[in-house]
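Below is one structure. I have some questions about it.
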Amino acid sequence: MKKTLLATAATFMATSAMADVNIGNPMAMTGPIPDLNAPIAAAVDLAAQNVNDQGGMFADGETLNIVRADSACDPTAAVDAVTKLINVNSVSAIVGPVCSGATIAQAESVSIPAGVVTLSVSASSPAITNMEDGTDLVFRAAASDAYQGVALAELALANGFDEIAVSYANDDYNAAIAEVFVQAYTDLGGTVTANEAHEPNKASYRSEVATIGATSDNLALFSYYGSGGITLMRNALETGAFTNFIGADGMLSDELIEQIGAENLMTSTFTTSASDDSTPSFAAWKAIADEAGVPASDPFVANGYDATFMMALAIEAAGSDDRAVIAESLRAIATAPGEVILPGEWAKAKEILAAGGEINYEGAAGNQDFDENGDVAGNFSKSTIVDGAWAAELIQ
Amino acid sequence: MEAYLGYFLYLLSLLTVGGIYAIFALGLNVQWGFAGLFNAGIVGFVAVGAYVYALLTTAESTFHIGGFGLPLPVGMAIAMAMAALIAGLIGLVCIRLRSDYLAIATIGIAEIIKLIFKNETDITNGPRGINKIPRAWEHFSEERFYSSAPMSWIATPEQWVAFFDSLPNWYWQPLFAGTILLVVFIIYKMLERARTSPWGRMMTAIRENEPASRAAGKDVTKRRIEAFVIGAAIMGLGGALFAQHLRLIEPTNTFDPSKVTFLVWVMLIAGGSGNNRGAILGAFLIWTIWSASELLIAGMIDVISAVFSTLDPSILATRAGFLRMMLIGILMQVILQRYPGGILPEVRPASPKAEKTVAGATGETK
Amino acid sequence: MWDAFGFEFVNFYLIPGLVLGCIYALGAIGITLTFGILRFANFAHGEVMMSGAYIAWTIMALVGAAGIALHPLVALPFAAIFVIGLFLLCDRWFYKPFRKADTIKIVIASFGVMLIIRSAVQALWGPNQITFVPGIARPNAWLQSVTGDAGMMILMPNKHLWIFAGTILLVVALSYLLNRTRTGKAMRAVSDSPDLAHVTGINVETVIKATWIVGGICATAAGVFLVMDTQTLETTMGFRMLLPMFAAAILGGIGKPYGAVFGGLVIGLAEELSAYPWIGDTPLLSPGYKTGVAFAIMVVMLIVRPQGLFKGRSF
Amino acid sequence: MAMDTVLSVAGLTKSFGGLQAVRGVDFEVERGAIVGLIGPNGAGKTTTFNMIAGELPPTTGKITLLGEDITGQRTDTLYHKGLMRTFQLSHEYARMTSLENLMVAAPDQTGESIWSSWFANGRVKQREAEVIELARDTLDFLGLTHVGEELAGNLSGGQKKLLEIGRTMMNDAKVVLLDEPGAGVNPTLMRKVGDMILQLNEERGYTFCIIEHDMDMIARLADKVVVLAEGQVLMEGTMDEVRSDERVIDAYFGGEVV
């Protein structure tokens, strides 16, 4: 018991004694998608490390601390975690959580009432767009499904799939994007031959695959690779029910190649928030990520980096870690006018800001210009297998 | 001073969530502690309460059915009634099952309830859930509340806006926590009265010896269903408050059986089943341990990584959440083995003292 | 005929259903024996199964590091030893203290064990998914051509053939054990009537140990087979399998190993066949409800016929 | 006497699967009588009792209580009609006091409705006072006053048996089925149990139907004895008649003369 008390006291003292800048980072460490979460967390840490390596925060070089907590993709855990971050750890802002449900719950329940800015890494639910009433505190570094679903529908038709079967995992992210996709695809003149949910994390999807497989050779698959997506894809390939696959960023992962094999994925295309090799910002990000051993094009990893880096820039630009001023400066640093800042260019940005200049961060995952709802439009790229690895190409 | 306010607000949130769990634990205490019904489907009743409340009280929405914008207490009352109704139906068919059979059946039913909420997308918005659920007190500062009766009788909307602007942004937090504690207190009082009345004696009798209770004229089946329904109604009310606290509910992760059903069982067993005070104590204690253990483990990781500088703290950090679960599991085992009756074991109400009693008049007997 | 109805039905519904059924069956054997002999529902069974698969993977990885690619079936017996050890330790620490107490205590203890094992695996192996064998499994070409020539083409990858063979082998071994050996007969006796068995001088503790050993072997096999089938290892698979396995055990009748095998096959088939377009072109039941099928069968069974199809013990 | 039958059993049968445990039992119990039900193990005595008491539905046959057909009615319904039973193995509420054990069995307890326990406290308290009074009197009658506050689980076997009988006294029972009141009770206390049964019979007019293996006890208490063997009534009559009947000696006493 004594030990427990000591450790608790140590934590409290550690947090209150720090004159540094603290950013709360609730992530889905446990829960349904811990494997997707791990590289995103690494990207968040990498951003903080870049900031601290290049002179830290403010003129006196304060350390940027990432205070991590577990939101478990679960509203209960997220609300609890963010309550602690805001009240006990006294963080200046929240970067994260990963899942839309957790993001909305923590924002509505804790961070909006407390007046703290949330910049979500990967929450993509359309519900976030209209969530706020008269406040401007919730932003996200990932595009709403509404954008990606449309982009994907256009891509599907461009690839010549004028009929397609849709299978989506019955979770908040995939159900939302599937709905947008189906709507856009039909509006653009495509035919959806089957549209079925599948329960995540089942041992076998052969009957699902067979049921919808009779209708088309093309499958639009919305699933997390970590919670059944790989199994479904494997079942689809094994039974030969489908030949062409198309899907959103939940599936785009190196783990897919590792588990299924690049040779089996030659007819698969997945879109993701622009991880476009050709843009200078992605090149800059890829260089940093590769050096640190972070998988640069896994789902939402680039967004994780962007979110953290932008939050640091916003606090730096505001000149203080006071909660109230961050929202405004977050808009300022992310949008034109201003000198373009690429991922990793902290020292440069710091210098410009110190001189009273303006900056415009161009993120690894897109230009990150927030609209009035705090959403980003996002660019999208499609990834296909080239030489046994994912290769991205900008489509929008 | 800012920091102390933060600690105060965290304390309030512990009381809020602990209070909600205390309501669940009290509901379970009626079922298990009083009547000996092994309900392992708590999460199902909680979900029913939460969803009914959410659908009835939210403003109209395109995402899910209705959004009927009913007053909060009405939503809570109907949430309770629906949970009770569903428990009644389940009780009619399942109540005669023996303990672990009932447990397995209720787990299965709770999962089916969750699947329905998840798949009937037109009604519940499916896996994306329902958000903007109104929370008591906080939402009186929302336009649809202050511009309608009864709040509009008291002051004009402009006056209300001015009034709410003058309050600190956390004004609702003590009020909400207080409301929940009040609900816990009322439920506690009612259950204590029921427990110490002939009703409680009869329930204990049924739990202790079924054939004898039948021979003593007790309709055992009906009484068990009664306890099941009362417990479920309390859980449904707790579910409605849970929805208020979270403000977003979705079927998969909010109502994860290991975080609702299991945690509530740990709370009741730790606190002392059959003892209402034990249920409440267990709920606050375990929730505080659960919530604070995150700070604790984060602190320990800092210490460990400071001592063993070669160790990569990020690996520890990614796995800290699992250690938390493990901690609860181990705590559970220790309590089960060391304190089989819980921290506050069950105490039968003092039976009226016989004047002629010579020995053994202890007043309270275990 | 085969093309119009049978081909798709057999290959995409029936065979997957049977594969899943075999896995459920093996898991349910352990559950039904524990339920029958120790008289409690062991909620930790799924987690033990999952940890068995992780241990098998580790053995394969260790041997693989030495340059030898090990078939999962070879790693299975070694993993089973660990799992038996795990079962026996759990029994010693967490279940034995409650042998004489109310059933509820031991059930809740098994709840706790479930949590401990799962979080231990998550903390040790990390949350990332891993796989036994990468790639996809193509149908066995020989079987395909032979049956194809006969006009009834069957598509079955090798892994499924292994799973069927392994299950049959284990069930035959189990029936030998239960019918021909002293320990097996004692196990059946205790399961049928614990009090009577006690009177006849059977050492109940030995029977309990044997139960854990048999359950451990079957659970490891179920875990390894599951991962062979899905080729994906992750930490929540145990809990997901648990309720269908309970359903199988209840369907077959508590304390009846053959009943559990039968129940497992029925549940596996029911889950897969529920999505078959029996009427018209749409699935009979939306695949979103697939998991609910096993629960529904279980609940209905409990209410209508708690002793199960094979007249197991109902308490 | 036959005019005033309180309990009658006609053509009662019960089969469990293929096994016929009771095959056509008929007997009548007159008001104020003490009827003994005897027979060798497995004769179907307890099964018959369970059917009368509503624990088991009969396969065929008819049971009449005070002129009303009660066949297949539940135990708790029969309680309200004045039929009560005790158990062969004492069914006490081990973790409740002796006093509470008795109080549970009192009829018409307002406080057993949860609504009245919440909202009609006055009425609940009033009835509760009466119930306590009755329970105390019963304890006095049983000679258990000194263990009134003791947990029932801690009582001796005989005291538990007395408590069982005491429960029937809480509800003014018309017919009481006693299943082996003497089993596992020491001889002194057994005598006391017997006294009590006689006293209840005489003073309060209870009608008893008793299963008992102890022939001396039956001889002392019973006006009439019904002998069951292999699920059928072998004979009925006084104890003396039964003792001298050849068939009974064959079936029951295994040929030995007692």
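When the chains are written out, they are named A, B, C and D in that same order, and each has its own residue count from 1.
By definition in this document, a residue touches a chain if its C-beta (ideal position, glycine included) is under 8 Å from a C-beta of that chain, and two chains touch if they have at least 3 such contacts.
Protein names from UniProt, one per chain: B = Leucine/isoleucine/valine transporter permease subunit.
Note that the structure is predicted; figures quoted are calculated from it, not measured.
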By mean Cα position, the chain sitting nearest the middle: B
Separation of subunit B from subunit D, taking each centre as the mean of its C-alpha atoms, in whole Å: 45
Separation of mean Cα positions, subunit D and subunit A [Å, integer]: 74
Averaged-CA centre spacing for the pair subunit C and subunit A, given as whole angstrom: 37
Inter-centroid spacing, subunit D versus subunit C (mean Cα positions, whole Å): 50
For subunit B, residues that touch 2 or more chains besides their own: 118-119, 318-319, 322, 324-325
Overlap residues in subunit C, where contacts from two or more other chains coincide: 122, 126-127, 286, 288, 291
For subunit D, residues that touch 2 or more chains besides their own: none
Chains touching one another, given as label pairs in label order: A-B, A-C, B-C, B-D
Subunit C-facing residues of subunit B, complex: 38, 93-94, 97-101, 103-105, 107-109, 111-112, 115, 118-119, 258, 262, 265-266, 269, 315, 318-319, 322-326, 328-330, 332-333, 336-337, 340
Of all residues in subunit B, those that touch subunit D in their complex: 190, 193-194, 197-202, 204-205, 208-209, 211-220, 226, 230, 348, 351-354, 356-362, 365-366
Subunit B contact footprint on subunit A (complex, rising order): 4, 7-8, 10-12, 14, 16, 29-32, 34, 37-38, 41-42, 45, 67-70, 72-77, 79-81, 83-84, 86-88, 90, 99-102, 104-105, 108-109, 113-115, 125, 127, 131, 133, 170-172, 175-176, 197
Partner subunit B, residues of subunit D touching it in the complex: 53-55, 74-76, 79-80, 84-87, 91-97, 99-100, 103-105, 107, 109-114, 117-118, 121, 124, 128, 131-132, 136, 139, 145-151, 167, 170-171
Residue ranges of subunit C in contact with subunit A within the complex: 8, 11-13, 16-17, 19-20, 23, 122, 126-129, 131, 134-139, 155, 157, 226, 229-232, 234, 236-237, 240-241, 272-273, 275-277, 283, 286-288, 290-291
